[in-house]
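Two complexes are shown next, each including chain A; its partner changes from chain B in the first to chain C in the second.
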Partner chain A sequence: MTFDASQGAEAPPELVQLLTPEGERVEHPHYDIDLTPEEVRDLYRDLVLVRRVDKEAVALQRQGELGIWASLLGQEAAQIGSGRALTDADMAFPTYREHGVAWCRGVDPVNLLGLFRGVNHGGWDPAEHNFHLYTIVIGSQTLHAVGYAMGVQRDGADAATIVYFGDGATSQGDVNEAFIWASVFNAPVVFFCQNNQWAISEPLEKQSRIPLYRRASGFGFPGVRVDGNDVFACLAVTRQALKNAREGQGPTLIEAYTYRMGAHTTSDDPTRYRVASELEAWKLKDPIERVKAYLFRNQLADQDFFDAVDAEAADLGRDVRKRCLEMPDPEPLDMFDHVYVEPHVLVAEERDEYAAYLAGFEGAE
Partner chain B sequence: MLREFKLPDVGEGLTEAEIIKWHVVAGDKVEVNQTIVEIETAKAVVELPCPFEGYVSALRVTEGQTVDVGTPIIAVETGEGAAAPRETALADDMVPAPPVEAQATEPAEAAGPAKPERQPVLVGYGVKLGAATRRPRKAASTAGASTPGPAASAAPAAVPAAAPAPASVPPAGRAGGVAVLAKPPVRKLARDLGVELAGVTGSGPNGSITREDVHAAAARPDASAAGPAPRAFTGEREERIPVKGVRKATAAAMVGSAFTAPHVTEWLQVDVTGTMDAVRRLRELPDFAEVKVSPLLLVAKAVITAVRRHPMVNSTWADDEIVVKRYVNLGIAAATPRGLIVPNIKEAQELSLPELAGALGELTEKARSGRTQPADMAGGTITITNVGVFGVDAGTPILNPGEAAILAFGQIRDLPWVVDGQIVPRKVTTLALSFDHRIVDGELGSRMLRDVGAMLEDPLRMLAWS
Partner chain C sequence: MTTLTLAKAINEGLRAAMEQDPKVLIMGEDVGKLGGVFRVTDGLQKDFGESRVIDTPLAESGIIGTAIGLALRGYRPVCEIQFDGFVFPAADQIITQLAKMPLRSLGKLRLPVVVRIPCGGGIGAVEHHSESPEAYFTHTAGLRVVACSNPVDAFHMIQQAIRCEDPVVFFEPKRRYWEKADLDRDATPVPFDRGRVVREGRDVTLLAYGPMVKTCLEAAAAAADDGRSVEVVDLRSLSPLDMEAIVRSVRKTGRCVVAHEAPVFSGLGAEIAARTTEACFYHLEAPVLRVGGFSTPYPPSRLEEHYLPDLDRVLDAVDRTFAF
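The block that comes next holds the complex of A and B.
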């Protein structure tokens, strides 16, 4: 059987959902979540703010201030839900689109923009935030994550590892190798696949004849499909999978069933390969609107709250823009700084040679 | 303060974009991130958000214009004192300001233009900077000491004068923005040998330059001369052929015909397996021992036979009367070294089949050897053009002037065909009949074409209708 992305409105019944697109709370036999009104409002705020950062970054790219940007539009719930399930000790390995997870890990959004502006190679310390640098190569971070998880396992630490990848990455050799290693070594890792239906221009049916979460059973560990636009469900399912990992029950594959509302990156034009009706169907399942409806319906937030969040988002957008434009260009010799942790003879020699070359220009000292 | 928004590289490595639609006009108030324009790049149509808040002072480029990345496209009056929106600078003077002029309007950035300082470059790859120059190297002693490699010794004196030329003048013979293709080792070899790659014609895959190309270029006496040489053409870029002779006659006849007689063309696919069998059988008969028997022979016979049944197709429009010919001077269009000619077989209706075969052979032979006389081409009444010999199915033939019909005979191919409810491979050809609608109506033209087809499908009909 195959799943047609254009039929996305009728998600398969095995989908774990706790909050419907209309904002109604529903029960699931295996997963539940008990959130205080404060926690729900915080989740809403997270969703709105990361969307605003993303929007500002897209605009900055269109103004020539970023070389490229990979928008997370539509995938906020999958990222905030899973990101908020992590404990401080847990480690996350992102792709290049996990701006929402970065937000949850306390990474300054401007640092994300620095990479896409070409002024740094990822301006945050992965150890400080337990959030690895963005990985551009498709799927390779799954192997890094499994290796890291096996290290955690050997340390006996009370921590889990989560690794993010997309539907297209499931066709990569690295990802399948990572599944095997994680499975046979019972590594404490959660594979979090954001199935956004499109691998650039390749639809899901070109990746798999079965739902992606079912791949896990072939490797010998559980797989679950969650409504990736439902922040409650993503939080509940990821929390459970991380708990299982920490308790020595091995890996889990989570397929967050979602949709990439924007282009693959700012270099892409999705209107060339997908139909508008598909987009319209998914608009009705917006991850933010359903939380807003839930808050309203249950009188957990008033208009003042929503206005305040909107104002905070506008400030954040302005702040991100301002600080992005202020980021200094790197010095030419900076590129030698982070090649090795320790001083290195060959790198030092190359740096000195390059410095001498630069000094050869008129006006240089 | 007046600020300009330069066209960014919205993809990766795009160099230009077409302005599709402006969403603002001069005088409009704009906010940060407000959509101001739609552009189309080689990759996508995208909307550009405004990076400034203020009033639109002028649109620097017009819709439909293709502009390079880095070109100022809009000027916005920002900050305090920007209240008075300018109503000037409308459509008529919307020309792209060259980057140099644009900076002159911007005092902050115009500071010290003479200094070879690096301009702030828009993020992205492949941004073309028309005025880019190399930074000058220091005087010989220090430069030579600190910079290894052959380039260093030549650099101090030569660079300031020579360097701007290759940077600002695109190499001749190459489209703007198309990079020279060469692998890095080849580029190094070229540099070592002092060969300017832009002047080398590549013989490798996709026109890439190989080591051999570089060596060959280095061996040429003027290979190291400064500046990219214009690509050497062995002859003129365009050839001018005087219109005369057969070409002139053909042109006059075709124009005269096409714009005088209202043409109608009908098509028919025909199973000619029977014709091919008949051709083979005829070849075995002693009567045809001296002549060539080809499918064209049976097509000619079919046309002659069909004319008997439909004389109106064998006629001439003479303004106030229609001249119906009781004879068939059968024209055969022939491609010859001198061009297209249409000699005809006189009184073809009187010829036996072997005689017709002989006449066809003689006509073809004369045409090929260029011995066709003007008289041979005069007085035609109907024509066959055998385009099938060129490997095409059919075309829309244009009437030979003074005639009312022309039949194009396409190639004969094996095609799946339904015979008695079964799909079987058959020999199939396409016939196209053009006729002068002043004389021949659709019904008559259709019957003529159908009859020819029927005779080729079953050559026995030629006997029946003779």
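The block that comes next holds the complex of A and C.
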């Protein structure tokens, strides 16, 4: 069975790119970006710092300080580009891998670690950062984002909502329902799909026969594929989609075409399902190296700048490690807190019983 | 004082809540123009507009998932699941998100979402339209689960559920939608996590909720003719349970029967029986008995009178508590 080529289903996918892997600035007919040298240097700094936080978290897991960690390695540009496109009023709904977006929203990286260390299920105030808690069940947050956007719409607010998910999530019913809801209610939401090619061990062809961004047309809104390792393009495309949403033009699906350079999580072993040459090919498209090459090529930064960023990253890594180790374990009775907002007789009773039980051990060895 | 049906009482309760708080929204399938398949939301879209009474696409997970998002933005959505048997596509959003997100946020997020579910059998419906899924939800920490049994409670409890800062699953006894009662709007309602003695008695306690309350009241009246004094407690709140009300009654009567339409096995009655036995062990003259649906899927409607516990099956259980 094949697609009918006359319907365009087999036309080569289009990719929005503004910065080549070699660091060369290229033009795109629909998307442009005008960044000051300082803005480019800031993006570079973001990319390096979030990669450093990620590296530290992987090390912390290897040393037993975190139960698990979902690495963002390779996806820095998709996250920093889209994250820096957001205004303070915009709201973001992440998966569990959006450490770069969290960075852009001002969430302390140590607060991300609590979930993975097992001290809480989410350690930041979503309202303070306009960055929702991590969602672990695949795709559930897309509906939350659309509902939130419907609220924004009812408030008449000048804000958009962005929701992150992966290529695997596009098979979930919730994601497809979210597309439908966003479409029929014209919700001010941007669907930001990081297609990192792998849903744990399952390659994209287990999820889709067509490029993911083309799914959008069936739901009645625009879809665009962007080079997910190009921070300029991710910023430009996301900025435009958010603007469209704020202006009442409804949803957009952005497929950031990228690659999960690490394992799915620290519990995963990608050597069982993918070949080393694939990783090597993607290393040549590294999201950080191309910005560095661009800054060098255009003499927008000198060696002192790069050294300073590296030093800052090293400090950040040390700081994250130190504060991770200092993170206190919760008290046993803390688990009874916040189950309900209003008084709840059963939880109160069980809490008291367990407190009394624990008290029975006091003084005993 | 006005006389109204249970369906109309919920409608009036929804209307009052929407008038009091502009953040209250109604969403569901056919809730707008049609007014819901049971007309519970009749006229509300006309008066409050399409942005507050939202006819949604036909996707239950979508209804609850977007309601969660609206609640995160400060709204108070009241979702209608059209029939009990259609709630399962939304079970993931209810169980993994709605129930758990407030704790996940260490109390920073509140989800005052109400999930209305017409429940139970007795209306001669096709498959999936007569179920009693309450135990799936009482088993889930983070949810409050309530069931109204009469128009007066329905009017007040729906408003209490909407004002509650926790997510509430609100069961409506669909075969009682057309039952009428006099409503005094100004009367002070019973708190909605409390049960209520709806008929006083001395010899045995019948515990029921939702559609079975009426059946149990009829059984108590029939028992009175035989000289047996039956107390009926309407539990109203299924999670948490009002154990105080249950224990007070059972310690007085010494006998207890729990009745519900849901299957007896792993039903809410099992939890109630265990707790009641523990709390009333030395007062009990007989084991706590349960009467309810069988361990079969809900049967075709021509058989539902055999599946649903009726007056006689309730009285049979009452008789058995006197046989010990």
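Operating definition for what follows: the second predicted complex is superposed on the first by the 343 of 365 C-alpha atoms of A that agree within 3 Å, B and C clash if a C-alpha of one lies under 4 Å from a C-alpha of the other, contacts with A are read in each partner's own complex, and residues count from 1 in each chain.
Assume contacts are C-beta pairs under 8 Å (C-beta built on N, C-alpha and C of every residue); 3 or more make two chains touch, one makes a residue touch a chain.
Note that the structure is predicted; figures quoted are calculated from it, not measured.
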| item | value |
| --- | --- |
| Clash or fit (per the criteria above) of chain B with chain C on chain A | fit |
| Touched partner set for A:Asp268, first chain B, second chain C, both or neither | first |
| Partner chain in contact with A:Pro203 - chain B first, chain C second, else both or neither | neither |
| First (chain B), second (chain C), both or neither touched by A:Pro222 | neither |
| Contacts of A:Ala359 with chain B and chain C, given as first, second, both or neither | first |
| First (chain B), second (chain C), both or neither touched by A:Gly23 | neither |
| Contacts of A:Glu65 with chain B and chain C, given as first, second, both or neither | first |
| Dominant contact partner of chain A by residue count, chain C or chain B | C |
| Vertex chain A, arms to chain B and chain C (CA centres, degrees, nearest 10) | 80 |
| Partner chain(s) touched by A:Asp337 [first = chain B, second = chain C, both, neither] | second |
| Distance of closest approach, chain C and chain B, by C-alpha atoms in Å | 9 |
| Touching residues on chain C, where the partner in the complex is chain A | 51, 56-57, 59, 61-62, 64-75, 89, 92-93, 96-97, 100-110, 141-142, 144, 164-166, 193, 239-243 |
| Chain B - residues contacting chain A, complex | 5-12, 32-33, 43-51, 116, 122-125, 135-138, 142-143, 146-147 |
| Residues of chain A that touch chain C when the two form their complex | 120-123, 125-127, 132-133, 135, 137, 140, 142-152, 154-155, 173-174, 177-178, 180-181, 184, 337-342, 344-347 |
| Residues of chain A defined as touching chain B within the complex | 55-56, 59, 61-68, 117-118, 263, 266-269, 271-272, 318, 321, 356-357, 359-364 |
